[in-house]
Amino acid sequence: MASQQPIMTREDLIAFLDREFPQIHEGGQTYFLEEIGPLSARMRMEYRDRHLRPGGTISGPSMMTLADLALYAAILAHIGPVALAVTTNLSFNFLRKPEPRALIGECRLLKLGKRLAVGEVSIFSEGRAGVVCHATGTYSIPER
Amino acid sequence: MASQQPIMTREDLIAFLDREFPQIHEGGQTYFLEEIGPLSARMRMEYRDRHLRPGGTISGPSMMTLADLALYAAILAHIGPVALAVTTNLSFNFLRKPEPRALIGECRLLKLGKRLAVGEVSIFSEGRAGVVCHATGTYSIPER
Amino acid sequence: MASQQPIMTREDLIAFLDREFPQIHEGGQTYFLEEIGPLSARMRMEYRDRHLRPGGTISGPSMMTLADLALYAAILAHIGPVALAVTTNLSFNFLRKPEPRALIGECRLLKLGKRLAVGEVSIFSEGRAGVVCHATGTYSIPER
Amino acid sequence: MASQQPIMTREDLIAFLDREFPQIHEGGQTYFLEEIGPLSARMRMEYRDRHLRPGGTISGPSMMTLADLALYAAILAHIGPVALAVTTNLSFNFLRKPEPRALIGECRLLKLGKRLAVGEVSIFSEGRAGVVCHATGTYSIPER
């Protein structure tokens, strides 16, 4: 069982993500790692026109990307920079249409095992109560 | 219960999607509706550099977008151009890393009710056997 | 949008469940509604030999039943005794093998809409930290 | 990668399940393994009064148990009698209320990896078209 305390700082993790996954900033950076804590991480997403859908809501794929990234960041923070951890399962409930505001993804790890890590992510519109999207996900962790 | 036969042609549906969701072609069109059938639809995704991840695999969010679009197309084809149908749930199992090849999303509707439509999508690398990602999803259908 | 405060008391809800779903007590009552709160409910499950699996862990179906019941109770408490609310989706992550102890299912509603209600349930072994099973689920609510 | 051909016969697998999981026959046997094939298995469930819910439909937990068992049988048939394979994830879409008839669970494996096996199960009312419940699930396979 990995430690329940993060072993990477926010700065180290940001540097790792920028180096290994430059594609997530394609078209201009919109995903920002805000905080790392015990079994948790918070990721913020600013929106651009390209993230909007008819009616001015933020697209589902933008939220799914945010959830996946928040979960990945939370896991790496606790197991170290293992680029090859891979998502095996993601489940989403879309609860409310997100208005055009920045989105906050709050990730909480539910399990941090030797082979699998599982977490949930609640996505909020910044400054608003009420979850707009809830996700759960599993990562498979390579042998170390 | 809606008809089990599509009521929109592929051409009408493409025109509808292009008009209502131009954002899905942002950065150059990569998602193409290939076929509509009874309770089914097939969507093809060409990849660009922006869809790749380290190791040359196609990103999870690209596949999630493909699955959501294939399901949306299959539903609209059978209920007509209801822009306001919204995804309420999506679940993904990521099974193999997709090599850099076009992806095919085969959608099959499991239920086409008055309020909810449910389907599954199997995503393949073009010309390869073996599902790379499997999705199930639910759309809520507005009252008509 | 339904009220965020329960409109049924715990006693009324227990009486309703006992009357409408006597089958859940088949073989001797093991599921007990412990508490109702704003957008929440807590259900307790005592185990019998019939709930055990090799190694002395409590079976998956027992936990799935507990989660479904906790979600149903939380929803009914807020919308009133609508026997015909039906589960449309349930997703489970099994995180740890539950030892032979009573299980506690803590349900929190994420959305209480006119047509759909969505919630999550965290299941714990009584007196232990660490979620053994996490569930999310959706109920379809009949028109009233 | 395990073989895509089953390595246990139906008879051996039935004997293994009866010996290791006698609890699934608690109250009288209702789950029957009908067939094993390449990456597939079919399980049949007869119903008793204890499986019914108001309105005469078969309960959700009965269907969830059927899906989990069908998936477990399909996996064991291909990897051999590994009692300790454990479910890590199950997702269900409940599509139609099953009338009081025997249920058939058709499992198809989507992935049979070294550490994880993933499959889907379509549940039908015997002699009827139309999926009543669709499930996907993941098992973690112990090192051998």
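A, B, C and D label the chains in the order they appear, each numbered from 1.
Please note the rule applied: a contact is a pair of C-beta atoms (placed from the backbone, for glycine too) under 8 Å apart; a residue touches a chain by one contact, two chains touch by 3 or more.
Everything quoted here is computed from the prediction, not taken from an experiment.
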| item | value |
| --- | --- |
| Most widely separated chain from chain C, with each centre as the mean of CA atoms | B |
| Length of the line joining the C-alpha centres of chain C and chain D, rounded to whole Å | 23 |
| Chain centre separation in whole Å, for chain D relative to chain A (CA means) | 33 |
| In chain C, residues with contacts to at least two other chains | 88-89, 91, 93, 138 |
| Overall pattern in which the protein chains touch one another (line/ring/star/complete/other) | complete |
| Footprint of chain C on chain D - complex, ascending | 20-21, 23, 26-27, 49-54, 59-61, 64-65, 68, 83, 86-94, 97 |
| Partner chain B, residues of chain C touching it in the complex | 88-89, 91, 115-116, 138, 140 |
| Residues of chain D touching chain B in the complex | 91, 93, 95-96, 110-111, 118, 120, 131, 134, 136, 138 |
